[in-house]
């Protein structure tokens, strides 16, 4: 099979310097946060990265329902154009809260192009590995979005809980001392990180108290912790897989492509539909 | 109690003449489709109607996920401004597919203002009257949105099915002979209407085959049929309540107001939250 | 609309002085426990209060299944006569355990009169505000009744738990030192109350451990705590709505009346039914 | 083991001649409808039959929620006295709609005496034989009671549907030509019976359309059909067990007795409880 | 009725001396572990005990999925031969993890012979006594099997949790100090037993934290604790039934026999089926 | 990444000529039924095929629970040896009823080797494409196995129904005229096939009556129909994905391998476990 042509689309683009974790533009490798973690998965593809639509909700990372809605509406246009360009075999939506995913998938379906997204792909992978998963996530606002995705994707039976480690994104409403960027730098230098410690503790609680068999990460700003949490929990005696979204979304796109699939035309009907059903079961 | 000050916000505003069922602007009574059906409920309120944000998805009524997302993002801004204006006690979102509802409710919550919406209010009313409800709706695309709302609002156990009567809205992709405007005109003149017949038949199937105890209507373009379907089914021997969205959303807003409620601050956390929870159950 | 004529019916009537929390008879305001809390909701209605059928299970407040059954059977007759009198637009059943509610609603349905009840109305209101609610209740016996109502009304998915604060009603089998009447007096005087403290702690556990987004109260003898629990939890950082039954049942009756509804004739079929269904889905 | 001393308690007692299917009094064998079907199960017991409490709802068989409530409240007293008499090892409640069952079981629990009932026992037996059962029942009103029991006993996942064969009991509100007594006489004489035919057809629909693996009967006035339905369905190629309530309730009582069990003290707490739980899961 | 002829079949047979808790062969009483606990239930039957098929997975008690599969496949042959011999009215499978149960039941069904098994019978009994049960079990591996049975038998709604007391069976992979045989000996001598203490603590946690209303035991090597746990919990104030598998499986077999039942021919279709269904609901 | 080394293991091996659809031995391509359909997916792997363990249940294809158990126990040994050989990166179990899958996965987990299987992989893929899937399967016996897998893998919420087209495998108990081998030959020659017609009709019923959004095939003897059913349904206006097991199992293995995953160590604990959990949620 020919190497798949993937388009990776970020959730939104802020102005230069507005967000410490992800540059607002640059070479494709710079646009994929924590690129090193997925480089081997992209190596045998032809891939392109899109910085995301320019943010219209404000110049800060999204956390509230309102912000997710607005950046989702913006991203839809990028995906529509990408589909119409016929330059891509599959589209991978980056970002933990999946803004605009179902809508983008609808568009992809009409072009026969699989569209995958980080939370959605993680949840599917997680349930392949065990029945119940726990979500480790960063803030009350973002938890709300993750919980909403669990419901929308119908994983309520599988999701034991969303564990909040309370490290919100840098935003006007966040005035606490917690800084994900600093925590990440510290942890990657091998120094103690309160954020990582909280995530490991949340993971252990998810296993012992909630019954999680797999862990997934909520916000993409927390994905860098994946191997670190997994290693720490393994040391503690737990053989628990910890997932992050980019790798899952990339590989789910590849699998769908290889199987010649994108989405069911009955779950994502074309417009107009070729045929209509008198009765829809929810 | 003082009469509540309500703002009714349409889902979107098309250009003049683009949509036969609802004028693009005019006096408040003109902006509320089938006003006569709810006039008595608005009589003891101080109410205002907003024509909706100017549509940016195209100049036709919305049916697809993508279109609902875009008009939802547009409506959010109107609701935010209305909340900030302090001129309203409650906000009622008009339109059957509830674009932007949860996001608007989030905003309302931060201002202590209840926000209600048509599908959401109908589903709550329906389950007050009986355990299971059926949805009568107009097209494959719109069914998809209604089904998604059922999941998102967590009424899957209550919703027996979405019954499609296949009368799509006037849109570029709709090239069939079905015209809701014509059907409505015919039915209101007392002439036979294929759309109404289909809705009555769908209602009876929902009762006999699906086990519905209450019926709700999906698209607001079908709300005019409410009393007609109910009467026809009553003649056929079925004492089944048939609901439509405007009245339910208006009265749910009133009830919340009288009880001094808008939404739970734990389901719709403020930003930043006053306090955070380490664990969220989905 | 004309002011609705409401009949409020107590769950049972004890002999004079048998129950400290509610007089056995008197003016209508005396028959509505904690009248001040709902006075504003009754102000624009024409309302009457019924002291309840004379108790035949014993001369003490009900807690056991057997007692609820007996007082329920007694109350049914009052509701039947009230419906037949044509003097009321709606009937509100007072009392936390809803004795005889579904049976009374059946009767109301046949007369086109909405009948509402405290636990039932609270559960519906609670799920309008958030997905999951917790119940704060007074004793093992009463918890059993509340749990049974949750099942019967089909709110099992919504109810996170019934939290017991162990302050049983004054009854022959209750020989502990806990006295609700004394606790109430103390709390209303602004003094510390072990019962209120227990309720606040139970509420916080319901939020943090059980995932409650709204709180409702079980026994009507605990309804006086509603504003106090809510205020205390708000101080603790939780924007959690706390509901009590009287106000919810009154406003649900009003909403049903305004919408011209009582109950679905398919959930509460007339006797004999105008038409029968070959198949009933449970 | 000594033969168990069983008390069989009818649901209610009408006046002489008011009900063709069951005499209002007489020798114990006469008080057990279709005695021949369970004679072999009672043979190795010491059993007594109680005609039931004198009906106070009217002088006709019960079908409505209200009637079930009233006869349930009446039956509770008989069970309480029977328990206090210490003359019985177990109590079997006769009648299909289980009036007063949970309340009687509560009383039995306090005396260490198992109490079983017809619908409850059938549902447990049915799920021992297969996962899903269908209910064949006689009328809209009685269906409502059966559906309510399915919910209350928490068999909603197991019950595929209640199939109505529309042969109501003789009651003032029943003015149709259907007579269960005549149908039974006809069928037992080997003549065609419309009621039996309807039940067989309902059974086959339950298998083919609803997915039933076992069938149970709703109203005890339909229990006589058990062997006939089963034989007819076997002829049609279906190896489906058909259950009726008396035998199931008798044998469930025996099994509980042999195992030294009645009911869980946590599901049916004593009054006062020996110990209380801070949290009840529903 | 004639005394039933029961065949009790052990799960597997090890070599002489390989397993301290159950002799590899001997008189029938020796083959039934903790015989004294069920002697009274077998007294009025004609019973035979089979030592089980010779183990082919190794010479140690089973705990892993793989081991359960292998001994299950071996046991099937014994049951088939027993059914064909026409010497037994019912077959009771001994052992906590139910190896080969559904397959044996399939065979029994074809011969009209009820087959019961320990975990399956316990779960049915438990849900007759209360809605929710907890499982007390011995090890991570065995917990996995118990959890799988809960799913397979579709008791997920009823099972609150499997509580692990971490006393694995004697096996090559078990190198810890815990010895069930020694614990049992100690406890039966009235001396303190860490295993029993752990089970009592697990039972109390199941009640207080998980909401269990009945307790069942997982591995048959833990069945000896049944009366001891129940007594200890009763002392602690909990009227909680504790079940073990042998008695439940024996009495369930008796009940099925008396009612003339084995299993539904639609859940366990004959081969070939007498008639086929176009559609199977899961 | 290096091409993965896959071992494909058939479910069982019959004697020469016993089964027309799959040779008992031969080159690897011959051992993979309908090889052409998956050749492109195996092209970039290093793969080996195992003919399956010699059948011990009889010399015919498996359909009953008993037969699946026996061949499952046999296959476990092959997988254990393959894992110990360290020659394979992943193992793909061929065959529709997944005999021995969970047990093999347990073994794979201990060696860090992903093991996938046909029904399991199809169900996961199906739910990636839409929420609800229907199963098209060949016989009452095989339906029973498929239904059991749906439960065991916990897809009950997703599986709308198993549709039976009644074309049993060639077996001693099958004496009907239906021959899958002949139907397949006919259909592949482009001639009418009753089996294919039945499958297409079952698929359309699954869409229209059951609400399926994706279709999967039950028995591997029906996998050849996949592209034919899909094409026929597309012609009929349904954009419904139809899946078969080999391709799904192969690609799921590849995806797991690329992501460095096999299974959760908490769902498939090692023996002995490195650490144990006091409480397991089912």
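Going by the order they are written in, the chains are A, B, C, D, E and F; count residues from 1 in each one.
Criterion: a residue touches a chain if its C-beta (ideal position, glycine included) is under 8 Å from a C-beta of that chain, and two chains touch if they have at least 3 such contacts.
For reference, the UniProt names are A, B, C, D, E, F = Hydantoin racemase.
Everything numeric here is computed off the predicted structure, so don't read it as measured data.
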Quiz item: Going only through chains that touch each other, what is the minimum step count from chain C (Hydantoin racemase) to chain E (Hydantoin racemase)?
Solution: 2
Exercise. State the superposition rotation angle between the two copies chain B (Hydantoin racemase) and chain C (Hydantoin racemase), fitting on C-alpha atoms only and giving a multiple of 5 degrees from 0 to 180.
Key: 180
Self-check item: Repeated interface matching E-F, over half of the contact pairs identical, chosen among B-C, D-E or C-D
Solution: C-D
Quiz item: Centre-to-centre on C-alpha atoms, which chain is most distant from chain B (Hydantoin racemase)?
Solution: E
Exercise. Look at both sides of the chain C (Hydantoin racemase) and chain D (Hydantoin racemase) contact and report whether the same residue positions are involved, with over half shared, or different ones.
Key: same
Quiz prompt | Centroid distance [mean C-alpha coordinates] between chain C (Hydantoin racemase) and chain A (Hydantoin racemase), Å | solution = 45
Practice problem: Compute the distance, rounded to whole Å, between the mean C-alpha positions of chain B (Hydantoin racemase) and chain E (Hydantoin racemase). | Solution: 54
Quiz item: Of all the residues in chain C (Hydantoin racemase), which ones touch at least 2 other chains?
Solution: 154, 161, 210-211, 267-269, 277-281
Quiz item: Does the chain-touch network form a line, ring, star, complete graph or other?
Solution: ring
Practice problem: In the complex, go through chain F (Hydantoin racemase) and note every residue touching chain A (Hydantoin racemase). | Solution: 1, 40-41, 43-44, 124-125, 127-132, 154, 157, 160, 207-208, 210-214, 236-241, 247-248, 251-252, 254-256, 258-259, 261-270, 274-275, 277-281
Quiz item: Which of the residues in chain A (Hydantoin racemase) come into contact with chain B (Hydantoin racemase) in the complex?
Solution: 63-66, 69-70, 72-73, 76, 80, 100, 102-103, 106-107, 139-141, 143-144, 147-148, 150-152, 154, 156, 159, 161-164, 166, 168, 173-176, 202, 205, 210, 267-269, 271-273, 276-282
